[in-house]
Amino acid sequence: MDRRNFLMKTSLGASALALPGWLDAATEAVEQKTSGSAKSFWPNGARLAISIALQFEAGGQPISGAGGLIPEPIKKGYPDLATNSYFDYGVHEGLPRLLDLFDKYGVKATSFMVGKAVDNNPELAREIVRRGHEPAAHGKEWAWQYQLSKDDEREWIRSVKQSIEKATGVTPLGYDCYWMRGSVHTLSLLQELGFIYHNNDLSRDEPYIQQLNGKPFVTMPYTIHMNDIGSYDFPGFSPADYEQQLKDEFDQLYEEAATRRRMMLISFHDRISGHASRVRVIERFLKYVAQHDGIWYATKGEIAKHALATPDITPLVKRDVAEKSGLAGNTNL
Amino acid sequence: MDRRNFLMKTSLGASALALPGWLDAATEAVEQKTSGSAKSFWPNGARLAISIALQFEAGGQPISGAGGLIPEPIKKGYPDLATNSYFDYGVHEGLPRLLDLFDKYGVKATSFMVGKAVDNNPELAREIVRRGHEPAAHGKEWAWQYQLSKDDEREWIRSVKQSIEKATGVTPLGYDCYWMRGSVHTLSLLQELGFIYHNNDLSRDEPYIQQLNGKPFVTMPYTIHMNDIGSYDFPGFSPADYEQQLKDEFDQLYEEAATRRRMMLISFHDRISGHASRVRVIERFLKYVAQHDGIWYATKGEIAKHALATPDITPLVKRDVAEKSGLAGNTNL
Amino acid sequence: MDRRNFLMKTSLGASALALPGWLDAATEAVEQKTSGSAKSFWPNGARLAISIALQFEAGGQPISGAGGLIPEPIKKGYPDLATNSYFDYGVHEGLPRLLDLFDKYGVKATSFMVGKAVDNNPELAREIVRRGHEPAAHGKEWAWQYQLSKDDEREWIRSVKQSIEKATGVTPLGYDCYWMRGSVHTLSLLQELGFIYHNNDLSRDEPYIQQLNGKPFVTMPYTIHMNDIGSYDFPGFSPADYEQQLKDEFDQLYEEAATRRRMMLISFHDRISGHASRVRVIERFLKYVAQHDGIWYATKGEIAKHALATPDITPLVKRDVAEKSGLAGNTNL
Amino acid sequence: MDRRNFLMKTSLGASALALPGWLDAATEAVEQKTSGSAKSFWPNGARLAISIALQFEAGGQPISGAGGLIPEPIKKGYPDLATNSYFDYGVHEGLPRLLDLFDKYGVKATSFMVGKAVDNNPELAREIVRRGHEPAAHGKEWAWQYQLSKDDEREWIRSVKQSIEKATGVTPLGYDCYWMRGSVHTLSLLQELGFIYHNNDLSRDEPYIQQLNGKPFVTMPYTIHMNDIGSYDFPGFSPADYEQQLKDEFDQLYEEAATRRRMMLISFHDRISGHASRVRVIERFLKYVAQHDGIWYATKGEIAKHALATPDITPLVKRDVAEKSGLAGNTNL
């Protein structure tokens, strides 16, 4: 049995096409082929894709119980007015400021929108799309969905899809769960409802494809260490550290991108990165990026479509964690 | 239906006058008018208002149970002597040191005073006013008020108002709740008791007006990311990070202030920022600000009055979160 | 009623002699007198006293349940071997390394010793004294004492006193409670047992005197923000931040020391600051201090004796928090 | 009784050979001898040993309940798909990237492997060994073992040993418990199963020997402050701080290594340090080290064997914490 077949049997499911780089060198025949030039991993000769998520959550939070502002939880039965105003910053200052910054540097991002947030401020959803960004779905409300029944989860997803379509006229192709946690049914339901990718896998720095019900479905990689919610929204916030991490992450991936398909993943939240000092941090990073050639600010939808169009260099992964876990019932994964 | 009307219907209640900046450009007719010169957003041609809150809480804490010093809570029934001495630093070292620093740089601040703190150290409250700062109210004690009945909350507010009047001879115009959390009655009660603004909204970088009972009431914006309690009083304190954030926040708002009304919001606590090393951080920031023209160190009372006097450029917002939430009973908002 | 009498009535008990600096300027007659020259606040013309606490806790921790190493608590009934080895670092590497560093820079410190730690490693306690440092008491074990009965607390204090006397031949004059929390009886008990100062008050940057049972007792100020346990032992440790804070704290106090009695307070723990990289941070700070004149590395015992010998410039404070709290029974304070 | 005998009686068990450095100078005769040249503490004239632990945990985590990614725990009964993908990063990106970096700088490390992780990705375990690193054991699964019965713990250890042998053909010599916590039986069981060292003691910066059942067993020192899981995986992550700590730790130990046996201990986790920006931090550190002579990147197995071969300069320690604690039953320690 060769290495490829050996690896295919592993329970966490890295398939042949997902062989790590070191294995390529040690194996004479793998399916993961790369074309002759480094430029060919992405369209138009781009060297590195930068994928920015712009979370539109303001107004999607629960009227009481959302975290991030006040250490002590509020008692049940009272609306958390201060926290609601904190989220509201995303609409009044945060998103407008970030949209202006993105325009200045030619950044196109993917905006994950909470359904209730869109319903409350459809004009802002429309403006995001008017600026050239991709609308994608981030749940009906800013709350867990993994514990819903399969039917309830289907309605949860359908609801946010409809909110986005109604406000922007665009059908979302991508999906992001609250705090990244989906159920064992999530991917099948997304496929059933016309989505082509999800955003809740942190295992790689490049997209991969799964076969679901006989059809390909794209997993867009995600990161938490490049997510502002991990930098600013917990004790120990440090803009300087975040700025250096952004640059270091870029440098390393830009270097690696000469020989592999690489993408850099960043996530900004409306109420978090939209503050004045934080926009300053982001602008310094965007200026730094602008000194480099071959950058493609890509929406996740564009990347997913490109991944589907280039199956020869996109890993094909079989995942069956849930089935083996004994923790959940049927799954279509 | 035009964008303005569309937005007015949103449940989080951004009214016509609260349209974000990007919308102004896209809409031909909005009420939010700005005069010809950038200087006119604030009195006397000032470009940027800097509003500093100076929290006077020493002596207002509970005899046992206040946090911020020792990780493990004290058992019930014992006075927390160490923590009380920690708060006491505000009276003996913290506020005196900050007051001297503010004098040196011509800073006028708004001091939110806890009633019990004022009762315990009225001379210090008087000294704060003698130095030219605005006394404002920060609750009867350093404790939650959102869960009080409407009548009890009225007495809570009246009590701190009387403490301040007795000690300083000045009637407070502004109010700040413990950890920012008020009830659905708070604003109406403040209006009833003669206050003209509250300080517990984090949704903007400029003041706005609400109509309460047919009369205008001002919301002064607040920030937590520029609040020392979010930097020093939790794990991960970093003076250098705080200093850079202060400068970045200033730079961005100063830039934006050329075309919009902008104010910078900072909050210092007596026992937190009053320490020697932290005063050093603040002084470096004040020196940095002093290199710029057009700075107005304004009390929140001055800003609130100016907001009321310039309704043409002050957003008028209708908020009805509580009514819709189903979480609370009647509200006069 | 003049300001002095007014202030004396406040419940947190700042007495006439504890009037903050700003009040001196505003009042014609206060007892807090300073002599003509700034040099006279400390012996031998020193300008600034630097008081370093060196915590000797290794071996004093409970066999199971001590925190600081592993996030999840251990189940009851199992010894926490890893955590015990973590504390043990203080004996084998931490204290030896710090003692060598202090010798190199002529630093004399006060070592607060846990009784059980001394019993387990008496030779190390002796070595600390041989190097010229002051032995002081830090409880019988590394555990709470505030909830003990008065008699049990007396034995608790007597026990650590005896451990130190037995190991070093020196009678300790000062006392520091576990995590700073004493009971309403602690100070009286300390006085009864021959101690002249305690270390658990965070309200000032200078010592003060109380009259207990008709005799003076000294309070040495303490800080948590200059304590390594607040920097390194919780998430968000940052040596660079700690280093800058040390320098900033020094600069500000050195400046203020020209006109007031000022002392800088630092606390190092055996197992925390004793690590190689952290000793490097401390050495950079000590080098920085060495560039200044008028520094007195004083033990707390020396400072307490000097405070008692200079009542004209040492604040006299009346504290009665506990009596008023209704939380505790009789108190001799 | 001389100092040496006095110290031997202490309950935390520092034996004669473990006398701290300061005691050597004060005592005329101790067993801890060092040869004439500083170079002789390590083989081939090396001055400082650098021991890097490379944690291979991806796939060894529980299907639900592993921490480090999402603040709120998942409800029981659901697989945590997002967290599983987070761990999976170690296989697909983290370890491959770190292995390439280590090759570039000639680093040989010790990889502590979770049994289940090896079973799921045996090819990667094999690749780690092929690159010249030492495979060592890190438990059957990524979970506590201290509360197992002695027989169950024996099987736990035997299981991971077999997984490693099966995948790599190498018998592991070293062992590391989940979050460092072993039972009172762990060391005896390791010895019984052929291991020669364990990795869960934080009390020193050099190895030491215990006599277990009449045979020597090596304790390799460990650190948490040089462990990436303490820097990045909790709030307040700071790459710059981590980088500076690495350099400071190196500088201090390199200096001390002129006269004592010293080793620097670092620990990297697959899913944590394997991210692009973090590899950048490590590379800057490795570049810094490369400017110095006398560095030995040693596996822990090599160090343990050298410690056993040089009993004249390796401390011999008697530990009996557990027996005295009254918390556990029989122990063979």
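To keep things simple, chains are lettered A, B, C and D as they appear, and every chain counts its residues starting from 1.
The rule we apply is simple: a residue touches a chain if its C-beta (ideal position, glycine included) is under 8 Å from a C-beta of that chain, and two chains touch if they have at least 3 such contacts.
All values derive from a computational prediction rather than experimental measurement.
The minimum number of touch steps linking subunit A to subunit D comes to 1.
Shared numbers divided by all numbers used gives the overlap of an interface; between subunit C and subunit D this overlap falls below half, so the copies present different residues. For subunit A, the chain whose average C-alpha position is most distant is C. To overlay subunit A on subunit B by their CA atoms, one rotates by 90 degrees, a value rounded to a multiple of 5. Subunit C and subunit D have centres, each the mean of its CA atoms, that are 35 Å apart.
Look at where the CA atoms of subunit B average out and do the same for subunit D: the two points lie 50 Å apart.
Multi-chain contact residues of subunit A (touching two or more other chains) are listed as 235-236, 238, 240-241. By the touch rule above, subunit D contacts subunit A in their complex via residues 58-59, 63-64, 69-72, 74-75, 77-82, 84-86, 88-89, 91-93, 95-96, 99-100, 119-124, 127, 130, 232, 235-241, 275-281. On the subunit B side of its complex with subunit A, the touching residues are 3, 6-7, 10-12, 14, 18, 20-23, 26, 146-147, 177, 179-184, 200-205, 223-226, 230-231, 234-236, 238, 240-241, 244-246, 248-249, 251-253, 256, 264, 321-322, 324-325, 327-328.
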